[in-house]
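Please read the structure below before turning to the comments.
Read from first to last, the chains carry the letters A, B and C; within each, the first residue is number 1.
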Amino acid sequence: MRNGARAVKWGVPIAAVAVVAGVAAAGPVIAAVQGDPSLPDRTARELVADATRKWQSGQLPPMSGTIVQTASLGLPTLPVAGDVTSPIALLAGSHQAKVWYGGPAKVRLMVPGEMSETDLIVNGDQVWWWNSAANTATRVKGAPPDGKPEATPYASAITPQQAAEEALRAAGGDTEITVGKDATVAGRAAYEVVLTPKDAGSLIKDVRVALDGETLLPLRVQVYAKGTAEPAFEVGFDSVTFSPPAPENFAFTPPLGAKVEESTVPSFAHGPHGKDAIENAAPRVVGDGWDRVVVASVPERLTQDMAATADKAESWRGSNGVTSLTDGLLKSATPVRGEWGSGRLIRTKLVSVLLTDDGRLVAGAVTPEVLYAAAAQK
Amino acid sequence: MSNHEPPGHPSAVAVGTGAAPGRGAGPARAAARLLASETALTFRRPRHLAMLGVLAVVPVLIGVAVRLVAGDGDTGSIVAQVAGNGLVLTFTAFFVMLPLALPLAVSVVAGDAVAGEASQGTLRYLLTAPAGRGRLLALKYANVVLFCLASCTLVAVSALVAGLALFPAGPVTLLSGTTVPFAEALLRAGVAVLYASAGMAALGALALAFSTLTENPVGAISATVVLVVVSEVLAAIPQLSALRPFLLTSWWNAFDGVLRAPMDTGRMGTGLLVFAGYGVISGAFAWARFTSRDVTS
Amino acid sequence: MNTATRAGESIAAPPSLPDKNATVNASENTPENAIVTAGLTKRFRGGQVAVDDLNLTVPRGSVFGFLGPNGSGKTTTIRMLLGLVTPTSGACSVLGEPMPAGIARALPRVGALVEGPAFYPYLSGEANLRRFDAADPRSDPRTVTRRVGEALDRVGLGAAAGKRYRAYSLGMRHRLAIAATLLGPRELLILDEPTNGLDPQGTREVRALIKEVAADGTTVFVSSHLLSEVEQMCTHVGVMRTGRLVAQGPIAELSAGTAPVVRVETSDAAGAAAVLARLGLNGAAQAGTTQAGATQAGGVATAELGDALPERICAALVDEGVAVRGFAVVRPSLEDVYVRLTGEGFDVES
């Protein structure tokens, strides 16, 4: 009896764990209870056509929401001194951003960091790029009239909208477009358009674009690599509200004491890391469709690092996110050679990168063979 | 007082000195009295006073360091921000101290709460007083929460005083680039204090649960500190980023939500839920353990 | 003689209650008894049985000496009485309240000292007492200053009230612990080895204090491993040995086991024994001595004295023609009884 009472007592913390786990899992559980949403049937072509028409017309409804971007490319990363304002950091782990959309001329994209924040604010003809860590406000000149965040390469990696447009643009005639099972994203029923590359050379199994059932706004884009069950790259809304955001969100005046700069395109050069290695490369695109690869000249620092991989201490000392990331990449590179020459190959689930000994970088979501072919055409 | 008082045993009056037990006092006032006793014990203890002293000095040191560095012209943003406005030192102090300094202080107080009494032997006298096990645990936790609030307030006030003494005051620029009046920034600092206290209180619940497991206070304290450090290391590994939302430590720095415009209530709200989750689970374990364990010390 | 017989039985075999696992027997759990246990057993996690089937009855108003060697289960029993340790089986009640369920009702009326004093070293004696008083939800905060002052005065610590506990001597620490038990009106004091480690002077003081408290009518339950201590202040006694209660009852009954013995040295031991038996001395009385009645042992005959007058016995022996070489009335000490009950060298026993 006494042991029974004691057992009952220990039931309390067990119940507490169950309740907390239940609350934590409430989202998925509710979704499971509700089952898959069912939207009126539409063909893939219809959906894509309707969606693109809507996006191009600029008739997206006012909204705000939180975007979560997750990449698990299978990069051999070392602990990255995570600074989310560095685009390289987006290649690993999970990142959050918030978006406020009041209309084509009222957009704010905010990427929070720890005690820092990066904002892209479009208000009418004004476009501001604010970086609190650098205390720099950049006024972007010559911004496209529709003021869409695609003006920045940075933003293109982060909103589902841009990712979806990117994916549909990439999808040429060599893509099979189908409609998958309806999904629930950020609590909303959504169509899922599945883009499957027909090219054998692509590492991508398929790209799934979830379109809001009501507004056809892309709510999520998932990229699945061949032979994996989990998406290698995913960007989507975590929460979304379709109501006009408060006007304060789009009002930006550079604060007192901040550096104010003017630029045609905001550059990452103002990030705390200074000039990124990647930026030295002037990239060139070879091929088309899913087999597109990027060819660039290898940044000098990387070549040096390759020449002296033994000198690890040196690279560790400059332990910003980019350096440790590239170090990790270089260590996993395997030497390869062929008719095109020789170099080092880095393979991940989704992306292959070839660093040739003559100082070129060839990369794409393709098999190494496609890279070799691209490397062969000088 | 006793229904079983046998005739011919006028003992109740005999021993002690004839105080009628406080029938009118009521359980709430009696609890308040024990809580006051707990609090007095915590804040009178030399070790804890020394710890609070260190907590108060750190923001001042940060302020002085910023003051020295700020003279060098082009410097980093936080330095520039603090140098531009004394109030920012409050947030900087939290940013610096929330990962380890404050958790350390809270672990010492909460980890010691039950284990310290047990190792000292005073636990058996509290229980035979009788303090009541569930009641004593609840009041000990209330005391831990008060300590969290006090230490976070102390850090904020110390930083505010040092900041205002060393740097100019005025409207504060938020992380979003928006500028708010000093009074509103002060209010935001208050919210940050409450949020940080809630985060520390969740850790305090965890430390209290450890404290009920052992008669060795150092064991409970170090277990808590090790857990904090391990969580922070795990959170820094990108491959384990999926773990991050479940770690207590990942949510402490979400206090910087008060520095955004609009205030990032979403993330802070989730943080509070995580704190509550940790608090409920730890509290339930502590209760089950403490009310069923044999006190043999 | 009848009395002696009953006493003997009660000493040898403590009353066992029929239903061991049920609550404390209703007939025992009367207002007449301050503490009742029924089949109380504690088995620690290692399987070690600290207390085994304990049936203890402490009458109200008694000064009950709880005797036993170190490690015989006294402290564990006290911890179970105070609700600090949960019994493995069996039940106990204190002041009519079942423990540990009735802690909140029973313990405010109980002053307890368990395994020596324990206080906050950085607080003064007075602040320490206030702290423990605050822990009792039934104590009245309005009278705490007076009660603490009186308790301190009572144990002679009035002058050292403001001194930090850290600076107290061992004797002062013990006295403070006793003062803590006197903070409120108590019906029962449970004192675990209250004189342990004290010098003779301190021991005397504590003993005097206990007598004083008991004189007021408070039941005192005091554990000790020293018979002499118990002998000097207790009205009742219970003896523990390796977790079992081997005897309990009024101390007079335990002393009855030490009834004086007639010892006759004679050449005709058998004759002497017969005479003693005829006088009614060697009846069924089992308690006090190891011999059952008169025996011949190397020309010595012994028997319990009982109510008989030694000079009559002597005369009777002479009348019967028994050659008496020596005649003595021997009084075995209580300690002899205690040692017999608890075993030799008890202090080193597990």
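Rule of thumb we're sticking to: a residue touches a chain if its C-beta (ideal position, glycine included) is under 8 Å from a C-beta of that chain, and two chains touch if they have at least 3 such contacts.
Bear in mind the structure is a predicted one, so any value in this text is a computation, not a measurement.
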{"item": "Maximum inter-chain contact count - chain pair", "value": "B-C"}
{"item": "Distance-to-centre winner among chains (Cα means, whole assembly as reference)", "value": "B"}
{"item": "Taking each chain's C-alpha mean as its centre, the one farthest from chain A", "value": "C"}
{"item": "Mean-CA-position distance for chain C and chain A (Å)", "value": "80"}
{"item": "Chain centre separation in whole Å, for chain C relative to chain B (CA means)", "value": "48"}
{"item": "Euclidean distance of C-alpha centroids - chain A vs chain B, Å", "value": "38"}
{"item": "Sequence positions of chain C contacting 2 or more other chains", "value": "86"}
{"item": "Overlap residues in chain B, where contacts from two or more other chains coincide", "value": "292"}
{"item": "Per-residue multi-chain contacts in chain A, two or more chains", "value": "6"}
{"item": "Contacting residues of chain C [partner chain B, same complex]", "value": "31-32, 60-61, 79, 82-86, 95-96, 103-104, 107-112, 114-116, 118-123, 130-143, 146-147, 150-151, 180, 182-187, 189, 213, 216-219"}
{"item": "Chain A residues within the chain B interface of the complex", "value": "6, 9-10, 12-13, 15-17, 19-20, 23-24, 66, 70, 77, 79-80, 82, 92-94, 96, 98, 110, 112, 114-117, 119, 130, 132-135, 137, 239, 246, 248-249, 252-258, 272"}
{"item": "For the chain B and chain C complex, residues of the former touching the latter", "value": "1-6, 9-23, 25, 27, 29-31, 33-34, 36-37, 41, 44-46, 120-122, 124-132, 135-136, 292, 294-296"}
{"item": "Residue numbers on chain B that touch chain A, as the complex places them", "value": "76-78, 80-81, 84, 91-92, 95, 173, 175-179, 236-239, 241-242, 244, 246, 253, 256, 259-262, 264, 266-267, 273, 277, 280-281, 283-285, 287-288, 291-292"}
